[in-house]
Each structure stands twice: as C-alpha cells, then as structure tokens.
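Below you'll find the structures, each written out as structure tokens.
Shared chain: subunit A. Partners: subunit B in the first complex, subunit C in the second.
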Partner chain A sequence: MTGSIYVLAAVAANFLLVVAGFIEFAHGEVVVLAMYLAWMALGLSGGSLLVGLPLAIIAAIALTLILEPLTRRLRQNRAAIECLILTVAFGLILTEVMSHFFNHGMPVRFTGAMRGGGLSLNFGLISISAANIYVVLGCLLVLFLFTSFLYRTKQGKAMRAVAMNMETARILGLPVARATVLSFVITGLLAGVTAILFAMALGFASAPLGGVLSFKMLAVMLFAGLGHLAGAVVCGLLLGVIESLTTGYFIGAWTDAVSLGIVMFTIMLRPKGLFGSRA
Partner chain B sequence: MAGNETPLLAVDQVHVFYGRIEALKGVSLEVDRGEFVTLIGANGSGKSTTLKAILGLQPASRGSISFLGREITRTAVESIVTRGIALVPEGRGSLAGMNVAENLELGAYHRRDDTGPDLEKVFQRFPVLAQKQHQLAGSLSGGEQQMLAIARAMMAAPKLLMMDEPSLGLAPIVVGNLFKTITGLRDEGFTILLAEQNAAKALQSADRGYVFETGRIALEGRVEDLRSDPNVRRAYLGGQA
Partner chain C sequence: MLSAYAQGFLVTVGVLIILGWALYLPLRAGQMNNAPICFMAISGYLVAYTTRDLHWPIPLAFAAAVAVCLGLAYLLAYTLVNLSGFAMSVATIALIFILQTIIRNLTFLGGASGFGFYPEMPHLLLVTCAFILLAGVFIHRLSTSRLGRAIEAMDYDPEVASALGVNTRQVNFFLTIFTAGLGAVAGVLFAFNTGTLFPEMFSFNFLLYGFTMIIVGGRSTMWGVILFAPILWGIPEFAPAAVGQWRNIMFGGIIVALLVLRPQGVIHKDLLRRLAGSRG
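== the complex of A and B ==
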C-alpha cells in the first residue's frame, strides 16, 4: 500500500519540521536515490539484502545529514522559506543525478527477495502479495519504534521539548545543538527505511519518482496540518486509500488530479489542515 | 555575609549589548551560599538581562562572571546548567504540550543520580502538582504553572536558583503563596537570586538587594536598609519618605 509510504515520508518530514524548523522538500528524492543506491548494491552483490538494505539506510542518513550544515545559518536566522528553496534545489540536483548516472537514465527494477520473494496470500479471489504485507508491517513497526523513542526515552523527550519551546529547552540546559543534528540522522534513518519499503511495494524506481513522492508528502503534510505527526499518519493512509479508489473507479491518469484536488479543497476550507498546524 | 569565603556567584563589571543598545552598563554583584538576594527595578532596567547573562543566554561583551570560583563568562548554557545554576524563566516557560511529570523529568535531564527522592520532595511541597501529574502543563493555571516552573528548577538540584519575575501575571493571593514558597526554599538552604518588579514583596522576603536603574546598579544593601531608604520608598514602594 503506497499509503504507508506517504505516512512514513510525511511523518519524517513533519518531525524534522518541528525540531529543526524547516520543510525538507527533497525528502522524496532522498528516498528514491537511496533506492537507486540499494539497487546498485544489490546488483553488485548478487542480490544480497545484507548489503543492499544497510546501504539504503546509510545513504539516506548521509544525504539528509548533508543538509544540516547547509541549512544551519538559515535555520539560525529562522529563514524557513529560504530553507525550503534550498531543499527544492537539492531535490532537483538529486533527480538529475538519478537521471544520468544510473542505468542510463532508465527506471530500475527490484526483484526477488526485495519483493517478498514473489509470494502471496490468497483468500478466494483476493490475492495479497507478501511484499505488501511486509510493507504494512514494516511501516507499523517503524512507527511504533519511532513513537517509543519520542515518548519513552530521555533523548526523545528532549527532542520534543526542543520542538515545543526552544527557549525553555536552552534554559533547561538540554543539548539543543546535538538534538537538532540527531533529528537529521533520525529523519535520514526513516528515509532509508522508507526506501526499502517503497522498493518492496512498487518494485521499481525512476528518476521523476523522487519529485512525485516529495510533492505528495507535502500534500499530506498540508492536508493534516504542518508538523502534526499523528495527523500525517491518518492523512497519509487516507491519501493512499483515495488514490486506490480513484485508480479503481476512474481512469488511472486522473488519480493524481483527484487525490491532490481533494487535498487542495481541504486546505482551502481548513488552511491549517485537518488536525491543525503544529509548526 | 561575604567575608573570608569566595562568593558562590560573582558578577564583575558586566556589559551586555542587544545589538547597539547597551542593556547592562557595568553591573557588579555577589551572591553568597545560602543567601536570598533580590534584584529590583523598573521594567527594562536590566534585571532579567543580568540573569540571562549569568546563565549564558545573553553573552557578556565585557566583564566577568564566576561561579563556585570558576569563570563562566563565555561558557555554554548547557555547561552552566550542569555546574548547578537553574533559572525559572519569565513567563514560566512551561513545556505546554507535555504533562507535569515530563516537565519535571526534563528539569533533571543532566542528573545521573536517582531523582526519585527529589521528585517526592517536590510533590510534598506542591501537592497540586502531584494531583495533576498527568495533566498537560498548558492546562494549568498561572499560579500552578509558576509552581511547576519552580519545581522543575528544583529537580535540577541547583546550587543557585534564579527566578525571573515569578509574580508577573499572578493574582495578589497567589503572589502571597508564591513568596511563602520562595522563603520556604531559602529556609531549606537554597541560594536564591530573584529578579522582581514587585519590590515590596521582594524586599520583605530577601536578605539583600540590588536596585537597578537603566542598566546600572543604583543602590545595594541589606533589605532593611533599602526598605527605609527614601529614594527606594518613593520610586518602588509607593510611599512617602
């Protein structure tokens, strides 16, 4: 279910937004580039997941971490729009890299173990592929671990405090700078996991896919309310469901128009999103 | 009183600039272990800025600040908090989206020892906080949030407890309770540095005071002497000389 992917992407971007103060518009491109790099590693290692999966995660963390020093000065000056533009540019660069340096610019395919081994469960006429089950379970697991981190650990609570009230966090002597850098690492980690699950769900990756994911991620964020993590879960799934219904009942080419159109109307009626903005 | 012992906190000729504006123009003060010192003065006279400079939130461009005999003038806030200075900020600074217990927990972030006993003490002193442990800090009343802010600072087991205008925005009855709490803390052995606009209450409770005027210290001394000073009475105590 691509809904899970939208959820993970939007939750990660919302998290970075509340802690670091800007929208990481290149998150989708980071995810897809991590997919490409995993594909490359899988190709070179003969399909070994032990090589491919960790590489996706490390690559995603590295790509997100690069943005920390790049955006630091802008973040200190609360230049949110400029940060957004910087990440848009970063995303474009990543897309170009994907268009030229991998597979002669052609889309890449994931096969075998990366797609759940092609197994599926069958209930009469309904067939659910193992890949889809892994994706949904993987998403749930990640969300559970992430929530546990934020609500049950000292570092997680410190990060929430930084997100909530930076001035108070400083006064309490919380490690604000360290927490901020760690938030980039965590966002990168989430991106890496998203890449793995996306590869499993979709089975392929293409250069434009990054931009599409970023765009839908932003749509989900606005739909739910910027910075609203729980809202991103609900709205990401909702968007996934809306898209599936549209593909099923309308012409496929209209999917994006219908789903994003619904998001657009929601924002017009409730500018702060369904759940209210937290950023 | 200051004598053969090094003061707990020594601020020496500190200047602080906000851009081009000089907010502190050579401020010097001292706090000894166990003392309750208050900074009084009008809005914008530099009391808050002094507390912020001590904590490291506002860098001092000139002068020096030392705590426990060590220089902390250009030290990071995180390090200063670890050394034992806690600030109860102006406006309480509650982490509104977290509950009372979590706020208190974060007050003790830097401590490595068992904070259970201190949490018990805090709940005994402020039963309201014990009752509302799981309630969001943002849903507490002004007076309760002020208690939470003080309790949170106490959780750090600070050697110096600084408070910035705690009575601001509180009803008179609540202010009375607030000062009872603060003097209670002093009696328990906390060293307190309090910046207050409510000069009357501050001068009734503290040991010594410094009177701020446009970024400078105009007068200092034991509170009994300040209370009977005609200028202080006229300017801050609404009284006739």
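== the complex of A and C ==
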C-alpha cells in the first residue's frame, strides 16, 4: 500500500524530470501540505469530500506551479545542483509552514469517509480495510489515465517529444514552453491525488512526513533509474514490500536503514539504477 | 573575557564555517556531497562516548574520532566516486537517514533520548579558531593550485575536464576524504560545545544552514562562508524569540530568493577580480 504511494510520487517526479529537466525534491512536502489543506477543508465543511478532495488537488497544483517561474532561469542555464538546492529549501519552508500554522504543529487525523468509512473485507483471519483497497485501485486508475494521456493524446505526444529532445521539438514547432508548464500542472495533479490516497492509507499527516516521502521518492527514482517511468512503478512497489518485510522481521525501528541501505547498495553497484537512466 | 554564551555562539559559528567549507568543496567540483554531515555525527558520538564512558583523554579521543571518520571515508569513497550529480546527493542523504536510524537503535549511545556527556574541552574557542585557520589556509592554497583548477574544470564540464587529462575519480576520492575530515573536526567541536547529542541534530537542518551560507556567500569562493556564517546565525540568535523561531523559514526563503535573483551569491570570482584590479 505504501508502495503505491511511492509509485505515484516517483512517477510524478520522473515525469517532471524528463519534460522540465529537474528533480522536484519538494514533491513530498507538497503532497503533505495538500493533505493538511484537505484536512482543514474537511473540518470546515463538516467532512464533505466534495470540498476536501478538490481543494487538495488545487492546492497541490498551485504549489507545484509556484516552482515553475522560480526555477525557470536555473533550468535554462542547466544549473541542476542549484535547482535541487532550491527545491530542498522550498520543501523545508513548506515543512516549517505546516509545523507553525496547522494544528499547533501536531499531526492531523483523517476519519470517516477519508478512511473508507471504516469498512473492511474479511477473508478468514485476513482483514483488508476498504481504505487500503481504495488506495491500490486509485493508484492503478491514476497510472492508467496518466499512461493514456501520455500515449493517446496530442498533448501527451508533444510532451514525450519534448522529453526526448527539447531543442528538436522546439525546431519542429512544438510548444515547448506550454508543454513544460503543463508538466508542472500534471505533476501537481498527481501530487494532489497522492495526497488523497496517502490520507486514506495512513489516516494522519504530520509535518516531517513530507521530507521522508520526498526522500523515499528520490530513492525509488534512483533505484529504478532517473526518468524511467515503468521502472519507478516496479521499484516503488518493491520498496513498499521491503519496508513491510523489515517491519515484520526486525525488532526495533530499522525500516528506513534496511530499505534505504538496499537502495544505496544498488545505486553504488549500478549508478544508473536497475532499469537504466532516461534523463 | 567572553561570557559562556558568547563563546558558545562563536564556536557554533566556527563549526558552521568548517561544515560550510566541507559542503562547499564538492560543490566547486559540481557535486552535492552531503556525507560531511554523517561524519559530523559519527565523530561527535565517538568523541562523546570515548571521553565519557571509556575515560579517554580528550586529545586522544579527538584524534581517534577523526581517524575513524577518515578510514570510513576512504572505504566510502570507492563507491561514491562512481556516482555523479543526483545519485551522489541522494546516496549521501540516504547515509544521513541510515545513520540516524542506527543511532536511534543503539541504546549505549542514548538512542532517541540523547547522549549527554560532561567532559569539557579547555580553550574550545581557541581550538576552533586554530582549525578554521588551518582549514582556511589549506583551502585557499588548494584553490590556487593545479588541483584547484582541476576541481573548477570539473564544475564547468566533467567530460571536457576528463578529456583534458583531469583524473576525475582521483579528485572525487580526495574531496570525499578531505571533506570527511572537515566534517569530523566539526562534529567533535560541535559535541563539546553542545554537551548533549541527539540523532535529529544531524539532519536536514545542518544541510540547510550549510547551503544557505554557501549560496548567500557565493559558491565560487570560500570567503562567503566566513562572512555570512556569523551574520546568518546571529540574526535569529540575537533577534527576539518571536523572530528566532522562524529561523528555518528565513534560511529557506533566503536560499530561494538568492537562487532566483542572484544565483552566483554575494561574493563571486568576478567581484574578487574587480576588487583586486581596482587596487592596482
């Protein structure tokens, strides 16, 4: 289930990397801030999903779009390290905003409809909550729609062309600037959906969660290979499975050390990732 | 005679200058290597444990902590030199997470409750100034040396640098070990200044402080870190508490603003050349 979240985050960040040419380290913080805003909207509207869910998506798109003008000059100058530092700083600002302005810095909880209404499916001794099922199905649906957009629409084709070679796409008359801005919008949209599914999966949100998600997202990207969308799907699920197994078999809180250790070991043996880099 | 608070402030600024240089040097070669923060944690905890629980004399504990970090960096460098760009920055951030998890699970290091230790280093401020002077002279000589020019060439284009005969693997190897040493020294000084260590201390906050000083000061020279470390650390420290609690937002905002408006920072090579030229 957490693997599905990693998949969505890594696919979104990979997509932005191949089209716009930089890694959005603040993606996790954008997701979590969208969760906080959804929580606030749900609280003010009496738990109405019709208010909370769209607000999460709109907030995530807006926060991601802020980065477009901020990073434009750095992207044009191919200042990759500076872009990474800028998004790290942006993410830290978002984390501090969540710590200072929401619920006195305490974690926020999601209940009711955001958690699948508390329903579950029972198969003998195994119980699967409705929220978990919604998360997995939601992830599959989003990936299907995203893939359809990329491969069956004109805009998707244009974005793939820009991702392959921006200069050639520009020479051929493709709207490179519009494709880049649209890539930010789509990444924000994916972040908003991730926020909704993450809220369903975890049932709570806290300020430090953003940094952890951003980092795990980057780890999945490198594990798979930068820019490799299909690889991100496989490796995101794999990381989720590794974490679950570690939690089950190791005493103490070793999840991060083991899962990140495996990722680091893989990166050191294969610097371009398991499936090869496409960026 | 300085008060204990003033001494503590100055030592913290000194630690940030050394850490800033440790992060600045790989950045000069176009790499974002965050491993010095890991070595800060390792040396800090090592010196705290050896002085408090094993009763080692401070100079021995200091030397042992730095030596262990240099040894670990030597092993780490064999794998890190093959990584470039994002892979190196993510791998070294992963190390920070992994190290925090390990420390949290080691009860003899205090775990998440922290490790408090009581030995005090005499003349801590003098020792800090001495290390800043040593490191500063070395880095200044390095920047005007052949190796320094090789590092600069790698920043412009690693492939062209390699084609021109720069052994990029060797340069990365040297930088990994040297910056680990700087990080280790910073960690020991930080431990003695703070007196209690928590795993969360060695995290994104230090990355934020270090990179703020580099970005504001200018990433193409070493002088910016010296000039801006006391200013950037001092503002939230001496400002009213209502302002000080926004330290991280201030630093993040400064980084974003500088990178958008003036990515070369306040002090950069062109400015230094103009100043040198105007003096004849």
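The definition used in the following text is that the second predicted complex is superposed on the first by the 278 of 279 C-alpha atoms of A that agree within 3 Å, B and C clash if a C-alpha of one lies under 4 Å from a C-alpha of the other, contacts with A are read in each partner's own complex, and residues count from 1 in each chain.
What we mean here is this: a residue touches a chain if its C-beta (ideal position, glycine included) is under 8 Å from a C-beta of that chain, and two chains touch if they have at least 3 such contacts.
These numbers come from a predicted model, not from an experiment.
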item: When subunit B and subunit C are modelled together on subunit A, clash or fit; value: fit
item: Angle at subunit A between subunit B and subunit C, C-alpha centres, nearest 10 degrees; value: 90
item: Partner chain(s) touched by A:245 [first = subunit B, second = subunit C, both, neither]; value: neither
item: Which superposed partner A:140 touches (first subunit B, second subunit C, both, neither); value: neither
item: First, second, both or neither for A:44, with subunit B first and subunit C second; value: neither
item: Comparison of subunit B and subunit C by subunit A residues contacted; value: C
item: Subunit B versus subunit C as contact partner of A:263, first or second or both or neither; value: second
item: Touching partner for A:254 - first (subunit B), second (subunit C), both, neither; value: second
item: Touching partner for A:215 - first (subunit B), second (subunit C), both, neither; value: second
item: Nearest Cα pair across subunit B and subunit C, whole Å; value: 18
item: Common interface positions of subunit A, toward subunit B and toward subunit C; value: none
item: Contact footprint of subunit B on subunit A as seen in their complex; value: 154, 157-158, 160-161, 164-165, 167-168, 170-176
item: Touch list for subunit B against partner subunit A, complex; value: 55, 57, 77-78, 80-82, 87, 89, 93-98, 102, 105-107, 109-110, 152, 156
item: Of all residues in subunit A, those that touch subunit C in their complex; value: 23, 70, 73-74, 77, 79-82, 84-86, 88-90, 92-93, 95-97, 100, 211, 215, 218-219, 221-222, 226, 252-257, 260-261, 263-264, 267-268, 271
item: Contacting residues of subunit C [partner subunit A, same complex]; value: 27, 30-32, 79-80, 82-87, 89-91, 93-95, 97-98, 100-102, 104-105, 204, 207-208, 211-212, 215, 245-246, 248-249, 251-253, 255-256, 259-260, 263
